[in-house]
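First, the structure itself, so that you have it in front of you.
Note that the chains are named A, B, C and D in the order they appear, and that numbering of residues resets to 1 at the start of each chain.
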Amino acid sequence: MSFNTFGKIFRFTTWGESHGPAIGCVIDGCPPNIPISENEIQKDMDRRRPGQSKFTTQRKESDKIVILSGVFEGKSTGTPISIIIYNEDKRSRDYETIKNKFRPGHADFTYFKKYGIRDYRGGGRQSARETACRVAAGAVARIVLSKLIGSKFNIIGAVTQLGLMSCDRNNWNNTEIRKNPFFCPDKKSIKLWEQYLLSVRKAGSSCGAIIELRASGIPVGLGAPIYSKLDTDIAAALMSINAVKGVNIGAGMSSAFLSGEENSDEMRVKSGKLNFKSNNAGGILGGISSGQDVIASFSVKPTSSILSSRETIDRKGKNTNISVKGRHDPCVGIRAVPIGEAMLACVILDHFLMNRAQCG
Amino acid sequence: MSFNTFGKIFRFTTWGESHGPAIGCVIDGCPPNIPISENEIQKDMDRRRPGQSKFTTQRKESDKIVILSGVFEGKSTGTPISIIIYNEDKRSRDYETIKNKFRPGHADFTYFKKYGIRDYRGGGRQSARETACRVAAGAVARIVLSKLIGSKFNIIGAVTQLGLMSCDRNNWNNTEIRKNPFFCPDKKSIKLWEQYLLSVRKAGSSCGAIIELRASGIPVGLGAPIYSKLDTDIAAALMSINAVKGVNIGAGMSSAFLSGEENSDEMRVKSGKLNFKSNNAGGILGGISSGQDVIASFSVKPTSSILSSRETIDRKGKNTNISVKGRHDPCVGIRAVPIGEAMLACVILDHFLMNRAQCG
Amino acid sequence: MSFNTFGKIFRFTTWGESHGPAIGCVIDGCPPNIPISENEIQKDMDRRRPGQSKFTTQRKESDKIVILSGVFEGKSTGTPISIIIYNEDKRSRDYETIKNKFRPGHADFTYFKKYGIRDYRGGGRQSARETACRVAAGAVARIVLSKLIGSKFNIIGAVTQLGLMSCDRNNWNNTEIRKNPFFCPDKKSIKLWEQYLLSVRKAGSSCGAIIELRASGIPVGLGAPIYSKLDTDIAAALMSINAVKGVNIGAGMSSAFLSGEENSDEMRVKSGKLNFKSNNAGGILGGISSGQDVIASFSVKPTSSILSSRETIDRKGKNTNISVKGRHDPCVGIRAVPIGEAMLACVILDHFLMNRAQCG
Amino acid sequence: MSFNTFGKIFRFTTWGESHGPAIGCVIDGCPPNIPISENEIQKDMDRRRPGQSKFTTQRKESDKIVILSGVFEGKSTGTPISIIIYNEDKRSRDYETIKNKFRPGHADFTYFKKYGIRDYRGGGRQSARETACRVAAGAVARIVLSKLIGSKFNIIGAVTQLGLMSCDRNNWNNTEIRKNPFFCPDKKSIKLWEQYLLSVRKAGSSCGAIIELRASGIPVGLGAPIYSKLDTDIAAALMSINAVKGVNIGAGMSSAFLSGEENSDEMRVKSGKLNFKSNNAGGILGGISSGQDVIASFSVKPTSSILSSRETIDRKGKNTNISVKGRHDPCVGIRAVPIGEAMLACVILDHFLMNRAQCG
C-alpha cells in the first residue's frame, strides 16, 4: 500500500486526472479463471456515475469502462487487469477562474505546496473522479468474492445521515436503497431528504453525509493482526476516499459510551449454529472477522465548492476571495455509497487471499 | 505495512506475547546520527506503564526497555534498532479458568478460529501489552522528529471523554494533562471523573473513552495521495490499536452535520503568515498536511474483561458462562493516550521521510 | 515489489498482453516538476523496437507511447504517469498452431499449470513485448536522474558476448555501441558477429548473449542494507527480464577465482580525489554504491522458438512435437540492451530517493 | 522487501551487530500449527557456526538460538517468531586498529559515507554474523515446507568451486556434502581442496567460491510474474548475502553459449509422468517453477581481510595502508552453503504461500 496502489495481494493502482484524456486502474493479484465482463463491472460504475439525478453534478460522463488486459475469452488469467475510462465532458474553461486561487477546504493549496505544481483543471488528481477507478476495482473484487464465497456474500451501503437529516436505521431495506437517488435505506425519510437537499442546492450550499456499509457472508478468520487487522485496513480504505473525515467499525465512536456489559457481544449456540446477541464489534474482534456481518460507517464532509464567497489566498500568497460556480454535487456523500462498497469489497477480498496464504 | 510491521520507510515490527519471556520491536529505516538513549525512550514507556494508579491494572511491570542494536556511542547508525522488554509479572495461573472459554467481545474466539491455536495466557499476542512496543517505537519517532523539525514540533494526547463523562475541550491545558491519572485536559473535570471511574471499578464493570491527539509544528506537504494519504495512514495507525472502534480527523463524523460554508477553513495572510480561520480539516487537505495542527481522535471500547457473568461458548462449541476476575483496567482507554501519541508520531515521521524521498 | 509492480518509492506497474489491444505502465512516485516529454521517452523506445534490422523479429510495431496522466504543461506533477502503447501488428493466426502445445523452454507450460488458463496469442503476458513498458519507465527514470545528478550521470549497455562470439571489452566505445545493430562495443567484432548471426538465422536456430551495463556518475551511498542492497535490487531487476538466467556485479562469478589480494579494490587519494585501483566490486560495497562506476552484466538464453522440431507435450498431457515458424529474433539478447539499461536506471533512481528519505 | 526485511508473506526481519549484545530475527507470516523446536533450528545453525574446523574463523560462538515468541506448546501460533542469539566471543579490541581505516573491498567506506557513522567493531552490521539470523529463518521455512510439501521436499547446497579448485559435479553426493568441512559434493576433490586451502590460509590470503543449491520436490506453479518471478526473488535472496557477486539459475551465464536446440529442455510423458530431458532452465520457466529441481548457484568473493598490506584511505581521507590480523575465514564461501540453503528455503516458502493466496 503505497502512493497510488491499494492492497497487499489483490492490489489496484489508479491513475489519471479529471480533465486528462482518461483515467484508469490496474488490478493485480486477481485469482485466475473467474468470469469477468465489462457489463458486470459497468453496473457498479453506473451507480456512481454523475448526472443521473438533479442531486448530483450535471457533468455528463458515461463512465464506460474498457478492459485492456488480463481477461481472455471472458475469464481472468491471473495477470494484471487494466481498465480505462475515457474522460468525455471536460469543460476545462470552467476552471480558469480558480487557476490561481486555492479553494478553502480543498486540496488545491496542499497539492501546490507539496509538489510545486498542480493540474488545476477540475481538481486534477484530487478530483473525486479518481473514485470511478475504485468502483471498477471493487466490482472485480465483488465478482471474485461471489465466486469464492458463494451467494451468501453481499455488500451493501446506504446513506444514513444526509446533512442534518437522519433516518431510522431500523427501517433498513436493501431493496429500497437501490430505488431512490439518495441510497437511503428508510423509505419514510426520502420525501424529507428530497426537500432538504433541494433547498441546499438552491442556496448554492452543500451538506455532508454518513454512509453505512454492511457486508454479510464474510467467513470467520479474515484479518492479519497486528498491523493488517481487518478493521485497520477498512479504516485506511474508507479514510482514503475524498472528503471522508471519520470511520466507525460497529458501534464506532459510540462505543466510548457503552459499559463493558453492554458492549460485549454475547454468544450462544443453538442447533449447532453460533449466534451473537448483538454486534457492537461490527463483526471484527481483535482485527479478525468473527463471522457476523461486517459493519462500517464513514462521514463525508460537505464539498467546499459552494456559491458563497469565501476568504482565501492565491498562488502568490495574497489575500483574495473565491466563489465556485462549476458543476458540483450539493452532497458528494451520496455518490460515496458505491465507492465505500467498492473499497470494502477490495479489503475483504485482499484479506480472504491473505488468510488463504497463511492459514490454507 | 503487513502483518506485524507498520510503516513504509520508518518501519517497526513488534513481536511477543503477554506471558512469554519478553516482548519487543525492531525499528527500521531510522535516520542515522540521531542521539537516542534508553532513558529518553523510557520516559514515554513510563506514561503507558500499568500499575501506576488505582485506575489501571495492578499488573506490575517496570516496562524497562533495553536497546540491543542500531545505536552506537549514543547515536542511531541507520541500522535496525532492536528493543526488548522482558515480561516480569506473569501470573499465568490467572488464565487457567479462561483457557477453554472465549471471552465475549474479546479476540479469543477469532484467534482460535483463524489459527486453530492460541496462547491463552494473558491474551497472548492479542494482549494490550503489545502496545508497549508501539510506545517504544513512537518514542524514537518523536526524538527523530524533534531533531528534524525542531522545538516547534509537539504531539500531545488527552482523554476527552471517559465513558459517560465529558469535559470542556476549550479548557484544554497541556500541563494539566501530564498531572492527572486520566490524561484529562480539563482540570475542572478531574474530580468528577475520579468518582465516576471508582464506581465503575467497584461495580466490576468497565467503560470506554475518547482520546484526542494534537500534533503541532507539522510542515505543509506531508502525505502521499491517493492511498498513502496522511489521514489514511493515521486512521490505520489508530484503528490498529487494541479496542479502538472509531477514528476522526478534525471534525470527523461531525463533519456530516456541517454546511459547506461552516466546513471550509478559510485562509488569510497577515504579515506574511498564513492563518486558517478554523480547523475542521484537522490539518489535512486532500490527504496532505496543511501546516495547521494535525488533529485526530479515536474511541476505545470498554474492555470485555468484567466481573458480571456473560454468556459465551467454549472451545468445543458448547454454551457456557464466563466472569473474568484477573487484573484489568476499568478503562483501557486511559492508557491508550501514550499509544495514540506514539502511533501518530510514527506516521508523521514516516511521511516526513516519504515526502523527502519524492519531493526533496 | 510484488507481482507486476517494481520498485519501492519510484515504482512502476506494467500490464498487457502481446496480442491484446494495448500494453502499458503506470509510474508512481516520480519527483514533481521534472520536464517529461513523449519524444524523450520515444528515443529509448525506438532502441528496443522490433523490425529495425534483419537481426530482430520482423513484427512491425511503432511502439509509439502516449502519456495519459501525470504530466501537466510538460512537467511531472508527482502523480502517476500512465503510459500506453497500442498493439498494431497482431497476427494472432500465427499462434493457432501452438495453441494447444507447450513450446519447450518457454513459459507456456508453467503459465498454464499455474493459472489453469493462458492467453496463448503471441505468448500473452509472457511475451517479451512486456519489456517495452520497462523501457518507457526506464526512460522516465533516466530523465529524472539526469536532472537530479546532472550531466555526469550516464547509463550505457552493450552486448559483450553474442552466442559463441566474444569481443574485446578493452575496445569498449560508447559511440560505436549506438551505431551497429548488435549494440557491440568493439568495432572490430561487428563483421564477424554479422556473419555469425546470419548463419544462426538461416539455420532457423537461435543463440544467447551477455549484456554488460555501465552506470557512471552514481553518488556514493545508494543502497539500503541488508535486504535492499543496491546489488540485490539490480540482481532482481535484471533477473526479472525475460530469458535472463544469470546476473553478475563487477567481477561476478569470476570473483570466485580471484585471491583476496587481487579482489580488493585498493584506494588512493590524489589531489583530493579518491581513486580506486580496480573495480572488481562493480561499484558496490556492502550493498552500497562506492562512487565508482556501477557495473553489472547478465546472460540471455537463446529463444526456444526455433525451426527444428522439438519433443514436447500438449495441453492434454500427450507427447507431441513442435516447430515454431512465427517471426522471432535469432538472438533476443540484442534487444535486451535497452531493457537492461532501463531496469538499472529504475533501480538507481529508486535508491537515490530511498537514500534521500533516510539520510537526507 | 525493504531495508532489513525479506519476503512478502513469509517475511523475516534481522537486526544486530557483530559485537553488540545480541543479534536476532523476527519471522512473520508463518503458517500456524507447525511443530517448531529450538533443537530443530539449532541443527541448521550449527552447520554455519564458526570455529568448527581450521578452515573457518576461530571466533568461538555457540550460536545458540532462543525462541522468544510465536511458538506455544511446541507449535507455531501464526504470530511473529522472535529468535535471539547472544554474542559471546566479542574481542572488540581486535578492531581498534581498523577503527579509522577503511578495509579496501569491504563495506567500511560505504557505510561510513552513507550514514556518517558506523559501528566498526567486527564490521558491525556489515558483518557476516548477520547471516546467522538468515539461517534461523531458513530453518523455520524448511520445517514449514517439509510439513506442507512432505518428505519429497529437500534443499541441499554444496561448494562446487573453491578458489582455483574445481570438482566434478557429476560426482555430486548428498551424503558426502555433510561429511567434509568444505561442503564439497565430490569425494575425490576433498584431499586437494584441503591442501589448497591450507596454503591459502598460511599465506594470510583468501579465496572465493561457487556454491550450488538444489531444491527438489518443488511443486509446479510457484512464482508470480512479472516482478515477483521465482528466479527474480532467488537472485535477490542470494545476491543479498555478504560477498556474493554473481547468481545463476540453471545454465546461468553459460546459457549465452548454448544454441536454441541445446537450451530448450524437451518434455516427454512416460507412464503418466512428465520428464524433462535436461534442466538448463534450473526448474524455472517464465519465472514459474516447472516441477523440475530448482537449481541456482552463486559466487562468493574472497574476503578482503588479509594479512598483506593494502593501500587505502582513512576516515579523514588521507592515504594509508592496512593489514588485517583479526580472526577470519580464508574462504567465507564455505560457510555460505547453509546461508544459501536458508535463503532459498525462505523464497520457496514465500512463493508457496503467495501461490496459495492467488491460485488457491
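By our rule, a residue touches a chain if its C-beta (ideal position, glycine included) is under 8 Å from a C-beta of that chain, and two chains touch if they have at least 3 such contacts.
These figures come from a predicted structure and were not determined experimentally.
Peer 1: Both chain A and chain D are touched by which chains?
Peer 2: Under the touch definition, chain A and chain D have B, C as mutual neighbours.
Peer 1: With contacts counted as defined, which of the two, A-C or B-C, has more C-beta pairs across the interface?
Peer 2: A-C
Peer 1: Could you work out which chain's C-alpha centre is the most distant one from the centre of chain D?
Peer 2: A
Peer 1: Calculate how many whole Å lie between the centre of chain C and the centre of chain D, each centre taken as the average of the chain's C-alpha atoms.
Peer 2: The separation of the two C-alpha centroids amounts to 26 Å.
Peer 1: Taking each chain's centre as the mean position of its Cα atoms, how many Å separate chain A from chain C?
Peer 2: The computed centroid separation for chain A versus chain C comes out at 39 Å.
Peer 1: When the C-alpha atoms of chain B and chain C are each averaged to a single point, how far apart are the two points in Å?
Peer 2: Spacing between the chain centres: roughly 46 Å.
Peer 1: Hunt down the residues of chain D that sit against at least two other chains at once, touch-wise.
Peer 2: 2-5, 8-9, 14, 29, 32, 78-79, 114-116, 125, 225, 359, in rising order.
Peer 1: Once bound in the complex, which stretches of chain D touch chain C?
Peer 2: Residues 1-6, 8, 14, 102-107, 109-111, 113-116, 125-126, 130, 161, 163-164, 200, 205-210, 220-221, 223-229, 231-236, 238-240, 242, 245-269, 272, 274, 277, 280-282, 284-291, 299-306, 308, 310-313, 317-319, 333, 355, 359.
Peer 1: Hey, which residues of chain C end up touching chain A in the complex?
Peer 2: Result: residues 2-5, 8-9, 11, 13-17, 20-24, 26, 28-29, 32-33, 66, 68-70, 72-73, 75-82, 84, 114-119, 124-125 of chain C touch chain A.
Peer 1: In their complex, what parts of chain C are in touch with chain B?
Peer 2: Where chain C meets chain B, its residues are 9, 29-32, 78-79, 225, 353-354, 356-360.
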